[in-house]
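Common to both upcoming complexes is chain A, partnered first by chain B, then by chain C.
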Partner chain A sequence: INHIMHNGGLYKRPFNEAFEETPMLVAVLTYVGYGVLTLFGYLRDFMRQWKIEKCQNAIEREEQKDFVPLYQDFENFYNRNLYMRIRDSWNRPICSVPGAKVDMMERVSHDYNWTFTYTGRVIKDVINMGSYNYLGFAQNSGTCQEAAAKVLSRYGAGVCSSRQEMGNLDIHEELEKLVARFLGVESAMAYGMGFATNSMNIPALVGKGCLILSDELNHASLVLGARLSGATIRIFKHNNMQSLEKLLKDAIVHGQPRTRRPWKKILILVEGIYSMEGSIVRLPEVIALKKKYKSYLYLDEAHSIGALGPNGRGVVDYFGLNPEDVDVMMGTFTKSFGAAGGYIGGKKELIDYLRTHSHSAVYATSMSPPVVEQIITSMKCIMGEDGTTIGRQCVQQLAENTRYFRRRLKEMGFIIYGNEDSPVVPLMLYMPAKIGAFGREMLKRNIGVVVVGFPATPIIESRARFCLSAAHTKEMLDTALKEINEVGDLLQLKYSRHRLVPLLDRPFDETTYEETED
Partner chain B sequence: MNVGTAHSEVNPNTRVMNSRGIWLSYVLGIGLLHVVLLSIPFFSVPVVWTLTNIIHNMSMYIFLHTVKGTPFETPDQGKARLLTHWEQMDYGVQFTASRKFLTIMPIVLYFLTSFYTKYDRIHFVINTISLMSVLIPKLPQLHGVRIFGINKY
Partner chain C sequence: MDIKSMKNYIYWLYCQFELITCSYLMEPWEKVLFYSFNIIVLVMIAYTAYIFLFVRISMAFQFFLHLFGNEHENTVSVLK
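== the complex of A and B ==
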């Protein structure tokens, strides 16, 4: 049974999230797989050491044999013995716009993925299930492209300055006003790089003596920004409100570690959609907790802006909440708007402060004009201000695609993680060999997918991640589903026993140990 | 291929022994080793049990107390490079569930081996030395200790 939450009227619609537990047999076989790979890794290393086999990895020179080694051999073990075997599933070069279908350059390897050669052939019309193209704005024709081309001929491609010096164009001002209107906040600021938005702005907001409560599965940019700031970081279990509340209570009651002084600021870092799990943050509960304990909320809507909500305004719109409750709304233009860059929205005093104190505002080059125009046009399209209903149709098409795709995959018997409404669909593979096999088989059938394994995910939870798009038509989805069905039968990926563990029943236990804070 | 892209775990090695199904796999592995040894025709049952005990303890010593560091690069600039897997488990917190499990397993195996070797003197001496070699490194007092500088770097 799916666990559907209503929680005393905080949620206006059912919140349907499930993470099915790994079947025990699959877990045991996964460990057997890793064990066999480790043993063979040691054997191959032995053969390479004693020159029985040619070592194709980079090795230190003979003259430096007696020096202290620069790199540890063992740290490279996973890379050369496991990653190299399946390396052809990543870094695949594409040679067209990453829309619903994409062209890929074919490459082969004659020495088991140590080197690649291009055959010269281009694989045409691969169905693209890996690009973050949620609303289908990654196009090279249409209104967005024409507007961007006009701006390119007017302003050129580069700005040659940072925002503070000579790089503040009038379209940057227009973009920021538009973003503020789109989100429903007082003011917004745009940056050239989404990763840099997070990592450079969190240090400007919090410092030593502040507390950051960050979700377990936060993105590397949030983690980096939190570490750079020098604040104390405490991690709460993924999307687990009891864990968050306990941390908040402990923080307020006990204060800072040794001196017991009250914290200067408490900042809760969450994401709208978590890209590896496909789960949506429990925003109504987080906002209720934030108000009760008087802390601040930083919401990273990288994947959810444009992709969730009846108007496409993100996770705040999806839950029907007030955007003024979220103190700092951050997002990126890379995913749903088909451009590049990030933004931060909030109160006017906050954004004015960030304009002068944030590193990426002061030092980084401002955004390129055609990219800005792409964002302006696509945002106006989503809001419906360009006079057509294309934006609205895209948002609805994405929601329909999401529901259809997830329902069909579940019916086929795959284990799918995450929320019913999230356009990010992780399909569990578990075993290391199936990661490589799935990527290759799907490419043979002309579908491009992204697969992820250990150590990027926990050791048994390797997965393939599908990113749905409004540009996918139903025929494309049906073709993809048919191929996934075939590959699922071939590789025996249909693990689901249709016994979904309701999320709330996962026991909140204290058995996570973290690094001690320094 | 980056550590922790999907989670903010700095060193995934600390959580491996807590993952679902690994205790069962461990027990099944010992069972498999035992069955393979039992199928060799010229070993008697006490010899097979002693061999299982010795091989299990030697492998445990090698993989948990000798091999240091992580097989992948971690984003914490190598804090765990000089630590064995036992010291890395759960970031050094003592007496967690996995540590207790891995301490009890050799002891249970020792009991079974003593029974099946009918407490013969030579087998007893060998098994006890083997058990001590795998129990002493697990003491919390020996966390990070390298006797005579062996295996320090």
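== the complex of A and C ==
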């Protein structure tokens, strides 16, 4: 791809993304494991039905036994029999600020994870590889905390109103101007909750008679917003530009399904970094397609704002593109800014329209003042406007940490998905027993990781997801890598055969594509 | 020293078996059930293999012995 760079191609830097294929033996053994667990699940369900064993999960009442059954679908079966066995790796209570190291409350279960009791001990200084603390702003001391404390003593904690009625404080206006300047757009609007930003604003932008083209692996908030809007939804393969182009061509040529009228609007929904795969969207190609076929682009930068790009301004900055090319730039303050909430940025007419027509703006409570001040202080720090170079150092430290961590893990022989530059690192586990074993073994060695299984990922592709942070020092990363190496040898997780399928421009196969109707 | 590393290796192999067949996640009585089922199936396979293979091998052995042992008698009968 280097020669394309020199001759003025779309990408100014190499785009290295890889998803190594599942080894056949590992896939077969994973199915064997799931088969054994399913058989035992049926046995346990039988015993519960015939009262041989005490039933501890939710069942219908006696009067409702003849109604439509509530708990017989696969989700509930999985919940009762598989998820309960490994439940202790999730919902772990922490009792300190989720920085680079965190304190966790220890809990034990005496009846195989149906109930938990606290032993009273606190596990101190667990290396935190699970929090979305990309730039290290989750702190309880420092300039952000002092500014937030001052604002708390001035405004209090609650606003007691929605944004439209009496909840529009001057710091909200200041925040929105700052966000617009940070992103390089004309205007921006901030909301109290990142999920609600997506699910409540997409219905305000599109409606019936519009077409939404959404990526296969989009987040639940985008899917919910798209379904709530009532528009026609078509799915293209993950990060596959040929699939997207075919859908766009079909949409323009054939129009709406029955009447053949042209679509009112075509909206492409993509994310900056996909949090389960660690892949980065091919933004230059998406923008080129958008301009060619005259459609609109909605970019969800939940994980990439602050984490990518030389100035920390997200995926648009990473590729060196013009922010005005993206019609709606959405993001959240939860990940890199250490606060909570979401924003939408774009042209002034768009944001003014959203102020009156979005459900989240009209009905949701406005953001709490200390949280707003945390965002303002951290954003000024990243931009360098507070006079120090801390922000720039954090961005560079995160990029270094990402490269180092990914390189070391690949050298050790694990299967790692995603792009070289994304701070989200998924490590493949595949087998269900290893999900529980990995979480427990890492906690024994004082490292807290997030493991992900079935409903969030395909059933055989379970993974452990590491989120790197600028607050991690090299010593912490080295300790973590050493422990991951040990646990990898203990559990035999080093599946990689170093046969990477390079994701450069592969020709698209006509025969494998299926068009999904709405 | 060698015995210790051998024992560790066998324990590690047992752990891998537990992880792959998910008996790591089972309660003790489920493990007993699963292991006894596996052992019974393995014993039956071993017994069937023993019956099938060894009887055939001993029959083939006898056949060849008979053939080589009675060779001069057979030639005499043909000539007759």
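Everything that follows uses one rule, which is that the second predicted complex is superposed on the first by the 479 of 518 C-alpha atoms of A that agree within 3 Å, B and C clash if a C-alpha of one lies under 4 Å from a C-alpha of the other, contacts with A are read in each partner's own complex, and residues count from 1 in each chain.
In this text, a residue touches a chain if its C-beta (ideal position, glycine included) is under 8 Å from a C-beta of that chain, and two chains touch if they have at least 3 such contacts.
Everything numeric here is computed off the predicted structure, so don't read it as measured data.
Engineer: On chain A, do chain B and chain C fit together or clash when superposed?
Structural biologist: fit
Engineer: Pick one for A:E21: touches chain B only (first), chain C only (second), both, or neither.
Structural biologist: Only chain B; A:E21 stays clear of chain C.
Engineer: Once the shared chain is lined up, is A:A231 touching chain B (first), chain C (second), both, or neither of them?
Structural biologist: neither
Engineer: Thinking of the overlay built on chain A, is A:F40 touched by chain B (first), by chain C (second), by both, or by neither?
Structural biologist: Second partner only.
Engineer: Identify the partner contact of A:N79: answer first if only chain B is touched, second if only chain C is, both if each is, neither if none is.
Structural biologist: A:N79 sits against chain B, while chain C stays out of touch.
Engineer: For A:L429, select first, second, both or neither according to whether it touches chain B, chain C, the two together, or no partner.
Structural biologist: neither
Engineer: Taking the superposition as given, does A:I460 touch the first partner, chain B, the second, chain C, both, or neither?
Structural biologist: In the superposed model, A:I460 contacts chain B only, not chain C.
Engineer: Quick test of understanding: once the structures are aligned on A, what is the angle at the Cα centre of chain A formed with chain B and chain C, as a multiple of 10 degrees?
Structural biologist: It is 40 degrees after superposition, to the nearest 10.
Engineer: Looking at A:A437 after the superposition, I want to know if it touches chain B, chain C, both of them or none. Which is it: first, second, both, neither?
Structural biologist: A:A437 sits against chain C, while chain B stays out of touch.
Engineer: After the superposition on A, what does A:L491 contact: first (chain B), second (chain C), both or neither?
Structural biologist: Touch status of A:L491: second partner only.
Engineer: After superposing on the shared chain, does chain C or chain B touch more chain A residues?
Structural biologist: B
Engineer: Contacts for A:V32 in the overlay, against chain B (first) and chain C (second): which applies, first, second, both or neither?
Structural biologist: both
Engineer: With the two structures placed on a shared chain A, what shortest C-alpha distance in Å links chain B and chain C?
Structural biologist: 5
Engineer: In the superposed arrangement, what residues of chain A touch both chain B and chain C?
Structural biologist: 32
Engineer: Give the list of chain A residues in touch with chain B in this complex.
Structural biologist: 21-22, 24, 27-28, 30-32, 35, 72, 74-79, 83, 90, 214, 216-218, 220, 223, 235, 275-277, 452, 454-460, 511, 513-516
Engineer: In the complex formed with chain A, which residues of chain C make contact?
Structural biologist: 12, 15-16, 18-27, 30, 34
Engineer: Applying the document's contact rule, which stretches of chain B touch chain A when the two form their complex?
Structural biologist: Residue positions touching the partner: 1-10, 12, 14-16, 18-22, 24-25, 28-29, 67-73, 76, 78, 81, 90-91, 93, 96-97.
Engineer: Which positions of chain A touch chain C when the two form their complex?
Structural biologist: Where chain A meets chain C, its residues are 29, 32-34, 36-37, 40, 85-86, 112, 431-434, 436-437, 490-492.
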